[in-house]
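Multiple structures are listed underneath, in structure tokens.
Paired with chain B in one complex and with chain C in the other, chain A is shared by the two complexes that follow.
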Partner chain A sequence: MTRSRSLRRWSGYLYALPYLTLFGLFVVLPLLYGLRLSLFRWEMLSQLPPRFAGLGNYAEAVRDPYFWRSLVATFQFVALAVPLTVCLALLLAVGLKSLHGRRQAFYRAAYFTPTILTISVAGILWRWFYNSEFGLFNAYLGRFGIKVPWLTDTHWAMLSIVLMTLWWTVGGPMVVLLAGLQNIPPQYHEAAVLDGATGWKSFRYITLPLLRPVLLFVVVINVIGAFQVFGQTFMITRGGPEMSTRSLVQYIYETAFNNYRMGYAAALSWLLFLVIAVFSLAQFRLMKER
Partner chain B sequence: MSEGARMHTLHKTSLILLLMASALLTTSFTGCGSGGRRVVTVRFWNGFTGPDGRTMLRLVKRFNQENPDVDVLMQRMDWATYYNKLFVAGLGGRAPEVFVLQTLAIPRFAKSGFVRGVDDLCAQPDGIDVHDIDANIWQGVAVAGKHYGAPLDIWPMGMYYNRRLFREAGIVDARGEPKPPTDRAEFLEALRKLTRPASGGKPDQWGFVFTNFESNVYSFMLQFGGEFFTPDDTRCIMNGPRNVAALQFCVDLIRKYKVAPPPENYDAWIGFRQGKIGMVFEGIYMLADLQKQQDLDFGGAPVPDVGGRRAVWAGSHNLCLRSDLQGPELRASWRFIKFLSDNSLDWAAGGQIPVRKSLRETPRFKGMAVQSAFAREIPYVVYLPRLPFIFEYQTEFNNAVEKALRGSATPQEALDTATANINKIMARERNAGSGGER
Partner chain C sequence: MLTEDPQNHESKRHESKRAEGAGNPAGARRRPWLYEGLVALGALLFVFPLVLILITAFKPDSEIVHFQGLLPRATTLANFRAILGSPEEIPIARWFGNSLFISSAATLLVLTVDSLAAYAFARLDLPGKKWVFGAVVATMMVPGQILLVPVYLILNRLGWLDTPTALIVPAGAGAFGVFLLHQFFVSLPKELEEAAAIDGCSRWGIFWHILLPLSKPALATLGIFTFIGSWNDFLGPMVYLDSVDKYTLPVGIALFQTSYYAEYGLTLAASVLCTLPVIVAFLLFQRHIIQGIALSGLKE
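So, the complex of A and B:
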């Protein structure tokens, strides 16, 4: 009795073992190595071995204006991109649900397609779309006498990046939300209609509450992803103009692989990790309590 | 990295194909040398992803045909990430036998110990005559008295001008030929004549545009006699009055004289190609781009001297060797480098200037109009400051220039900030270097 129970308990781990091995080897171990590294001064160019520096790298980050600038840019991106992505994904999912059969499959695929593109392809494409003199957007807008400085103005650049991100990434959350919507048993809505609920009310009081677990998942995943924004800004603006779109991950990349300051880059990565962890926990709290 | 910025349209698929092809080649060639002789494989890395890559590939193929005992495998990657990959490969002991370093990267790679000096190889009977290379170019690859590569070419910044616009504006010599300006007064006069507002009041034609902040502004600063570091290289003094005056001159072109568009609303290089810009200062490597265009009547000339001293920004590609090469590999690699140097006129035809003086004396080179116009600048070209932390320096410099040209800081403020930041980096480097207590 006890033996089979303990066997059952361990068999779970046994099944997870292949994944856990890879996860431990390629995620947990490097993570811990990075944590150790963040306590060292390691300027790879100097040919000197790493030197223990305690929290020196973290102290440097606090005093580093570039760190704060890139953190602000990252927060701007998260604050703009996440709500827009989730709302648009939800809107599209609701729209798709009202379609059936082939038409649904067609539109679902159409909206999902951009997600398949790699960022290098999407980036080169959008850099051309956004080109203020010869780009696609300004060519159309020019007919109305409008010329938008998509990437060349510090105020516009981040908005342009967000717009591109919306196009590129909305497909993923849309598919997840659609699956969530389809899992809501139709009886609830039928009962609501009998009770006289209108479309908006049944969405607000039935669909949304039942969708909450899926929504939580989508929001959390999107926040984590948005904090790690790199490809879009790196491909389209290189962080410019005037570093207004240089995200924290880009700064970490440049610190590690252009300037070879490995310890400092590791410390910056751990600071990003902390920010993401705090936000993810807060979201779980917020959405679970109600 | 100006070249990198312009050429970073990396085609991932083509890179992957290239990798696959080179992997196939390696497996099929290394094992079985033809005729029983051992074939030495020389891996050759560079960042020639543009049309220059095709020119280089032709040279590599020719070398492989003429040297059956050597197999050179060329791998191209985008300049923007090239140095990262090279550095990491070097750390892991897997650096290629031969690789290209731009002059700005030499101090950095020399310091990290991946690069072999070439002085002994040049002095050998099958060496390269270093007196055939201009002294300032040869000095560019030197670190602490040792030379770390064979310079292949030089790309000075020169002036491209639109001959049609010059004629229309009446900037011509006695024979009616377009006359490029050579000093400040002529430059400003030409700019005024070339800038023409459209009917709506907004100019549709500009005299000049900043296509590359770094090379353009750096050249102006050099012409104004600006200094960047103290002679003993211990402190950055980039915010000196001459550099501030030079940067102010650049800002004035935009704000005061209104002969150049503000950088936020003009896509500079394409504007020149469209025939809307009178003059641009760019590297010789942009030539191929212009030559493709049939309907643009352009010329090349030395950059006018606006500050009282002749100077222009330049860069070079240098052929470098891995530091631990020995025996047949070293000999084969050097033979390849010598081949490229001797044949650098073929390389030049693709839009470059060879560093070998003897090659520049040939009628063939003199027939290359723009190349030989730009080559007149060689005696007074200046490379970027020689720093191991060059990429951090560039970030600071470009950030300052961008702020000033866009008007979000005065030239003095922008350069003060950059100078303070660079001095902080230097202090950090010193601490890392002297803190050897381990």
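So, the complex of A and C:
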């Protein structure tokens, strides 16, 4: 009796089996395989088999100026894109919340639409906007005698990438924050009105604290996404000029699939994972304490 | 006191109405038109680039390179004719077919394996399921890009590189769908299946005849998400596919851009063809999509 019951309990896993097989093969196995690989030297193009190198790949990364350059570029992107995206998303969500019904749904869809573009299309579009010869931006700015080196100057290039990213990605966080705002029971604001708090005060002392869990989610997801920036820079600047926009993921991609240095690429991947994990944990801590 | 003072009640209602706008910065309530005007202006800026692709795709190249204003002076179908007319050089119909096949198959796979797994985790009494499900959900935090190199090597070992399978099968391993459907299944009342079990319904019957039909909105959300995600995937096909005739639209267009560098008209026309299906799907299902995103962000 108990045995057949326990068998019946275990047999429930049959439903999860197809998924768990794929999960094991394409998530768990690659994670462990990647970690193991990062301890090996393996230049796939040479006929030499992989050989154990201990922490050699990690030591190489520490001394590799290209690694540091791409890490700096990635941090620059994260530091610019995340705060701007979250602030703009919050601003738009607050604006949309003041509208109702169909009008709200209409504008919400409008802000969200760029998000569904594939990066090659979005990249082609913005490359054209930014083109210094016949780009749309300089065509209009040119009438005032201004010519901006959007993609050709090492300082401007990252800003241009961030601007494009704002347009492309703000829709997702905006939708989540809007739902978060609408989930706040109106009684809180009613009570605040009775206490004389309106406008900015009510937003600062009531809306924001109540929104904190959703805000934390949005920030963490955005940071994880921003550290993995690749498509925009790859399509629009190819990492240039002078590697000023070459992100860590692009460096990993080139290490693995242009140079076929699989062990080193795996080590770089794990370093990226480490950076992301540290930042995510720090954010959880920080938001919990406050 | 059981009877309420009607005047007091009235004033309370009035206040709650006033408070509705209190989540917004000062002035929102007093000047609603100003606020909506700003929202509308911003929305226009956001949609404008999309409209621009569409307009410009109908311009001759000379007008694109020498910018003469937003609207075309001479409309032409030449760009569309050029990309559709030379299937050997630009196999765009082929890429479209590849994209459609890969995205549809991936969506079907994800819906099947995820709904089965979510049912097990949400409704069945499995030993140690808290740990297994916890591990699955935890991997949602793992950045996908770090799996790129090992997954490439595994696909290589399986002999799946440069085939559609390389993009379809790994798509079924994502944790997001299991999580989303799990949240949905958990929210359905337990009494439903208790009643069905008393009537002699099996576990499979409960899943197939009761839970799935009730979950259509959640399945639609996940389906659209998966389809658009797969349709737009860029890094995957770029790394796992080799031959040009096996490409999907996004990588095809990216390649196209590098080889037809100066011909913006062609590239934009190709972009229109690539984007139109997703835009249509989005407009048809936008409520599902947006609610799905909101749901994934709000539930713990």
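The rule we apply is simple: the second predicted complex is superposed on the first by the 266 of 290 C-alpha atoms of A that agree within 3 Å, B and C clash if a C-alpha of one lies under 4 Å from a C-alpha of the other, contacts with A are read in each partner's own complex, and residues count from 1 in each chain.
Here is the rule we use: contacts are C-beta pairs under 8 Å (C-beta built on N, C-alpha and C of every residue); 3 or more make two chains touch, one makes a residue touch a chain.
These numbers were taken from a predicted model, which means no experiment stands behind them.
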Residues of chain A touched, compared between chain B and chain C (which is higher): C
Which superposed partner A:257 touches (first chain B, second chain C, both, neither): both
Touched partner set for A:149, first chain B, second chain C, both or neither: first
Partner chain(s) touched by A:120 [first = chain B, second = chain C, both, neither]: both
Touched partner set for A:23, first chain B, second chain C, both or neither: second
First, second, both or neither for A:141, with chain B first and chain C second: neither
Contacts of A:287 with chain B and chain C, given as first, second, both or neither: neither
Contacts of A:84 with chain B and chain C, given as first, second, both or neither: neither
Which of chain B and chain C A:37 touches, first, second, both or neither: second
Which superposed partner A:51 touches (first chain B, second chain C, both, neither): first
On chain A, the residue positions that both chain B and chain C contact, one per complex: 118, 120-121, 124, 134, 257
Residue ranges of chain B in contact with chain A within the complex: 5, 9-10, 12, 83-84, 87-88, 91, 108, 111-113, 263-267, 270-271, 388-389, 391-392, 395, 399, 402-403, 406, 408, 428-429, 432-433, 435-436, 438
Interface residues, chain A side, partner chain B - complex: 41, 43-49, 51, 118, 120-121, 124, 131-134, 147, 149, 152-154, 238, 240-243, 254, 257-260
Residue ranges of chain A in contact with chain C within the complex: 6, 9-10, 12-13, 15-16, 18-20, 22-23, 25-31, 33-34, 37, 92, 94-99, 103, 105, 107-114, 116-121, 123-126, 128-129, 134, 136, 139, 167, 172, 175-176, 178-181, 183-184, 186, 189-190, 192-194, 198-200, 202-203, 206-207, 213-214, 217-218, 221, 224, 227-228, 230-231, 235, 249, 252-253, 256-257, 262, 265-266, 269-270, 272-273, 276, 280
Chain A partner contacts - residues on chain C that touch it in the complex: 15-16, 18-29, 32, 35-36, 38-40, 42-44, 46-47, 49-50, 52-53, 64-67, 112-114, 116-117, 119-121, 124-127, 132, 136, 139, 141-154, 169-170, 172-173, 175, 178, 203, 207, 228, 231-235, 239, 249-251, 253-254, 257, 264, 267-268, 271, 274-275, 278-279, 282-283, 286-287, 289-290, 293-298, 300
